[in-house]
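Each in structure tokens, the structures are laid out below.
After this come two complexes, each holding chain A, first together with chain B and then together with chain C.
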Partner chain A sequence: MTEKNHFEGKPYADRFRSEQAALPNSDIQWLNDLRATSIERYEAVGLPGPKVEEWKYTNLSALKSEIYRTSKPSVGDNEKNIDEITLNEISGSKVVFVNGYFDQNRSNIIESPGIKISSLNDYVKSNPEDAKTLFENNRSKESLQNLNLALMTGGYIIEVDEVTKLAEPIQIIHVATDTAESNSLRTRNFISLAENSGAQIIERFHGENEVNYWRQNVTRVQLADGAALDILQTQTEGNGAIHMSETDIRLAADASLKHYSLNLGGKISRTEIKPTLNGKHGNVELRGAFLARDGAAHDVMTHMKHMVPECESDQVYRGVLDKGGKTAFQGKVYVAKDAQLTNADQSNKNLLLDRNAEANSKPELLIYADDVKCSHGATVGELDQEALFYLNARGLDNRDAKALLVEAFIAEVFEELSIEPVKENYLGLARAWLKAAV
Partner chain B sequence: MLEIKNLHVEVGGKEILKGLNLTINAGEVHAIMGPNGAGKSTLSYAICGKEGYEITEGSITFKGKNFLELEANERAAEGVFLGFQYPVEIPGVSNMNFLKAAINSIRKYRGEEEMAAVDFLKLIRAKAAELEMDPEMLKRAVNVGFSGGEKKRNEMVQMAMLDPVFAVLDETDSGLDIDALRIVADGINRMRSPEKAILVITHYQRLLDYVIPDFVHVLSDGRIVKSGDKSLAHVLEKDGYAGLGIDESAA
Partner chain C sequence: MVSTVETRQTVEKVSGDYKYGFITDIEMVKAPKGLNEDVIRFISAKKEEPEWLLDWRLKAYRHWLTMEEPEWAMLDYKKPDFQDIYYYAAPKSSDDRPKSLDEVDPELLRTYEKLGISLQEQEVLAGVAVDVVFDSVSVATTFRETLKEKGVIFCSISEAARDYPDLMRKYLGSVVPAADNFYAALNSAVFTDGTFVYIPKGVRCPMELSTYFRINEANTGQFERTLIIADDESYVSYLEGCTAPMRDENQLHAAVVELIALEEAEIKYSTVQNWYPGDKDGKGGIYNFVTKRAACRGTNSKVSWTQVETGSAITWKYPSCILQGDGSVGEFYSVAITNNFQQADTGTKMIHIGKDTSSTIISKGISAGKAQNVYRGLVKVMPNAENTRNFTQCDSLLIGDECGAHTVPYIEVKNPTAQIEHEATTSKISDEQLFYCLQRGLDVEESVSLIVNGFCKEVMQQLPMEFAVEAQKLLGISLEGSVG
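For the complex of A and B:
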């Protein structure tokens, strides 16, 4: 049944069959059917192995040797974890998930005209027709997406009406606690922004150290004409975690997306960002940094699809690797035959703080139009010795000099971020990580 | 203040300085001139402690301290400033933050409190104004996108901020037009005082029209081959290094 180069799909399909009845909303038949077809599709393919080109830098054999159980609604004291990653300076809505389940008590959804924030499980109950359509319109062939759909335990839906512009960013907080040991945490979210609306979404993934869990978060985004969305992600999962986050964004004419991410947690992380520019003058900016050490591996894969003329995309990713860290940046840019006057840039720079580290960079440009401007650049290097000496000669010791240079290397990625508390938080997280490095 | 005795320095296994002696006292301005490859920059790096400049013999003593035991940053904190021939660009670090980090590192070494933010701002604004630097440049990344003259001016602002007791200026005059040269010379002259000393390293005599040295030394093939007063610079200007019997092409 399983496709070549994939790990067998049966173990998780079996897991699904034994867990199905306990999944949320298992009394809703159409949802059960949806889950069942999804698991069939998953089983037919299986988990991607290291010989699958897109997965060659992320080894999922850990998911083969241990079959994670789907998480259960969590009980217990999670306040500390949640407080730790909540930006209290920001007063907008807060949507909290604990071990993959929406936590009503810890969330704070502020009523505001033109914006609707719902828990996915509630939405499925109250708007079955809309929910069905949402799922149907967002089917994927990818096996992992189907596994997520079959076993999802929760998620959120954000709908913003025409011309509505959110005054405050929405915070989405995902925490994993120690009860998530050997669990998979699967969430699925939908964001839709109507014509000329605007929103900023802060999305944070965090977990307890020494807990072995597998998070898989999938988000589908629709941006109508002129809509503008910022997504600001931080990933500070526990050091035993496998983290996967996939965001698929469809942009109509004049829509714009800014996606920022900082990856520094987990033992394996995979971040996929897939914008599709379907309308003229769409604009996408992707900015991110990943920091790895001690056996941690981060893999960021972007897939930028320019389907129509006159759109712009720009990607800047930076990696910092300390002893034992491994990273990959895979940047695919597709420019369709008719997508003339496309402007697509991509840059990935990596800094090795130790020789015992591995940085991979794979730009992949598929350009079928002939009048376009596309650029890409990738570097892997060490700290500039001349710059270090310059700082030494001005009085900074090696430790401070290195810290300053590495911080600057990361700070450049987040320079244009307009929400000051988020920017400060990004730099603070990076600084704390660096403290242990240099 | 600075005493260099029989200094031998190797770079990449090759001996560049071959027994250099130099004594600089407080209140003095010394100039070292010499053809390309004579070892001028090597001398400045050896004094300031750059990695890869291996002292195989001899000593460098600064205010009675054995400098060879100190790291580059410690030498800076002891009051030595190196003006770079090619100031390094540091993307992502603003001039402001760079100088704040430098001042506070030096203060920490000396066991002093960090400088208050208000005092720092006052000081940097004053120094930038003295050296005619546009305050906007303080917010920009260190030397990134600066012209040659702006970089050298920036070195002078840094020197004024860090207030060293001894400055080594390594070809600070190279590549400057006459206006920039005047600013650099002005920066150096501002530092002159009975408690301080300056070592100007230069290929050309031109800077010495603005910064009048007390002593001029000629460096050739890793040694000081001639010392004199400011008139020596004029002799060099007139007759070239060949006038001293130095074969410039052999160096």
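For the complex of A and C:
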């Protein structure tokens, strides 16, 4: 059975049944049960089709025409790829995933008091009770989340103790190699920060061009009172990739989250960020830029839930669309009935560089409390001709002038970023992309 | 707090609640309850319609049977039982349609006088031509002769089907196809009357045209259809008003409005919607499920929608513009007020197809009591629509902590030369504003009314004078009892 407007769930459920025995930790019975109930839940709903409101702009028919196989641990040479995307200026721990599997040899986990970084598959073996609770507390009704849970091959768990503040950011590197052709790469991660702790996580998704793979990365984050987390993502997947990344963050009182993302790669890319403010004086900042061309479609969906009074959230997203690029921003701000004195802002601006480009924007406000300040703004347009002329008049040719203006348009997003190497890296990636564009 | 409650009660006593909630006792002719092909044939026969129109209705009905009621709107209501409604109800006396006002049933005239629309008076003094629709039929149309001299056709849609079949066949369903959506299909199958307007080439309609809709009978649905065609270089301003008696059950109103503006033509369409909103506990009230759409077919044509939505238990309405002609202009000005248990999901669609087209959307939503108010809008720019421009502003005002205000805009752009801007804010009446007014001797209700009127001013200014006064009063009444 499949829900209305959804694609049939059976093909992936069948795939699960044939692959089940080969999945990691398949000797652990409770995990097998968890996987089995998850796939049942998935099958009852199916994959969301274009008539499902939240998937209106993201076409998943590619997942219907080809049924991806779950990836196998990679044996090939990936040093080059991994080196390429590692930020060497950052001396913190490095956690590497190749084709959805944790790679012990290429990772470098630095022991440090108050912080524990583990691979999900190891954690399941060594702390079965904790792992069970983790999975149980993070159940989701969404079919794709259940598919991820059923077929996950790896992931990481980061736990930070009270008052511990990480000196250096942790780097998480996800690479897909050319052996990932027709594979699905599913990872599931948990981050939990105890009272008044702080951490920064740099997360990078990268893959080979011309390889057709489907990455699905799911992260669940718990921030206790006063905890502060920065997540800094870059997505430079290969041009054949379907990239999905979903981050669900629950914030207690005085907790704060900063989430930065830059999307450049993949043929279909979907970034979902879902913060829930459960304690007073929580603060969320979301910043992102998406740059698309040549048939790539980048979707960003944010779902900001203000459940309690006196929290703040702010979202800034910028899209640059070149020839054949398509984007959709679906931002939702929900303010619950008693969440008075909420401040919530949202801004989405899109720049179209070519006739053959498309921008969609749906900034939504759902407000059930009266004493709030909420606003959103959205614009779509081309480069300001007067600004171009101004630069032309000062001797810049059209190409340079355009590049300068677009760079400024994107730079605004990353302006407040405090980690200099990451900021430089963001701008460098954007610059390289623009060079090919204008 | 005690004093504010007292103030509120006094105000309520003085001004009363819904003013138009009375019932007129008039002998009616009705079709049998329920919906089937025979009922449609009955309506068609009553209207002495041509064969093609009956076929058109039946086709719509058969398609409707295959459709499902839409659920995407943010509305919570008990779905109407379509077999428990009278689809046709007409005052008996109008079986022979009156030629002039003297022949109209005096009871009907009194009804409209109570509503503040004295037909005679308007004929003599106001200079506004009025078509009056009572339940399912048009009962009177004033000023027809004066309009005829100019070549303007202003009549009920049933008459138009008989007298102007060519125009009807050409344009009926050309903007809102019979199978467009669930309620439009239902309307196409069972529409009973409505207004037809044709403004010939180069004519500026000498007066405002206006239709008043009134639901009177219990258990009836009102399904009217309005078709306005503005030929090349013509202009018309059209007003629409509606009221209904207070009843405990929910009544269904599913209308379709089609506007067609040809070369350089301009249509201004204003609505003051004041259907019965239900009582304080959310009992009764009209379900207002309306499809309104305009096609700007000619170059430089213009359509402007202005709406003041104060009534109805549930409103589901998106007056839209399809901007086909190069340089065409679409405008949408809306004030939607919901109080008590009212729910409104309303907004607009601007579809830019032609070059150099522009659109403006100004929407003001006010939510009080336990009401929910949604703005839902789409701005779409097609690949060939060069140099389009859109400006959208949606502001919401919340009064009280149990209501909700929501904004759901869609922006879809496929042409880089487009310039699209969207802005939305949500806030409440600030204590400073209120304090300022109180300090100057206004009471709370007056202050709120003043502030709300200021909040809506941009939209109110768009209304023709006759309506602006009424609308302003309505704002005050709708918000009664919301402060305290």
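Convention: the second predicted complex is superposed on the first by the 438 of 438 C-alpha atoms of A that agree within 3 Å, B and C clash if a C-alpha of one lies under 4 Å from a C-alpha of the other, contacts with A are read in each partner's own complex, and residues count from 1 in each chain.
Note that in this section a contact is a pair of C-beta atoms (placed from the backbone, for glycine too) under 8 Å apart; a residue touches a chain by one contact, two chains touch by 3 or more.
Owing to the predicted nature of the structure, the values given are computational and were not obtained by experimental measurement.
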| item | value |
| --- | --- |
| Room on chain A for both chain B and chain C (clash or fit) | fit |
| First, second, both or neither for A:Asn350, with chain B first and chain C second | second |
| First, second, both or neither for A:Cys374, with chain B first and chain C second | second |
| Contact breadth on chain A, by residue count: chain C or chain B | C |
| Which superposed partner A:Phe389 touches (first chain B, second chain C, both, neither) | first |
| Partner chain(s) touched by A:Leu404 [first = chain B, second = chain C, both, neither] | first |
| Partner chain(s) touched by A:Leu341 [first = chain B, second = chain C, both, neither] | neither |
| Partner chain(s) touched by A:Leu427 [first = chain B, second = chain C, both, neither] | neither |
| Partner chain in contact with A:Glu364 - chain B first, chain C second, else both or neither | second |
| Superposed arrangement (fit on chain A Cα atoms) - minimum chain B/chain C Cα distance in Å | 15 |
| Chain C-touching residues of chain A, taken from the complex the two chains share | 53, 337-338, 340, 350, 352-382 |
| Complex contacts: residues of chain A adjacent to chain B | 384-387, 389-398, 400-401, 404-405, 407-409, 411-412, 415 |
| Residues on chain B engaged by chain A in the complex (per definition of touch) | 48-51, 71-73, 76-77, 81-82, 84, 87-93, 97-98, 101-103, 105-106, 109, 141, 158, 162 |
| Chain C residues touching chain A - in the complex, by the definition given at the top | 72, 381, 383, 396, 398-428 |
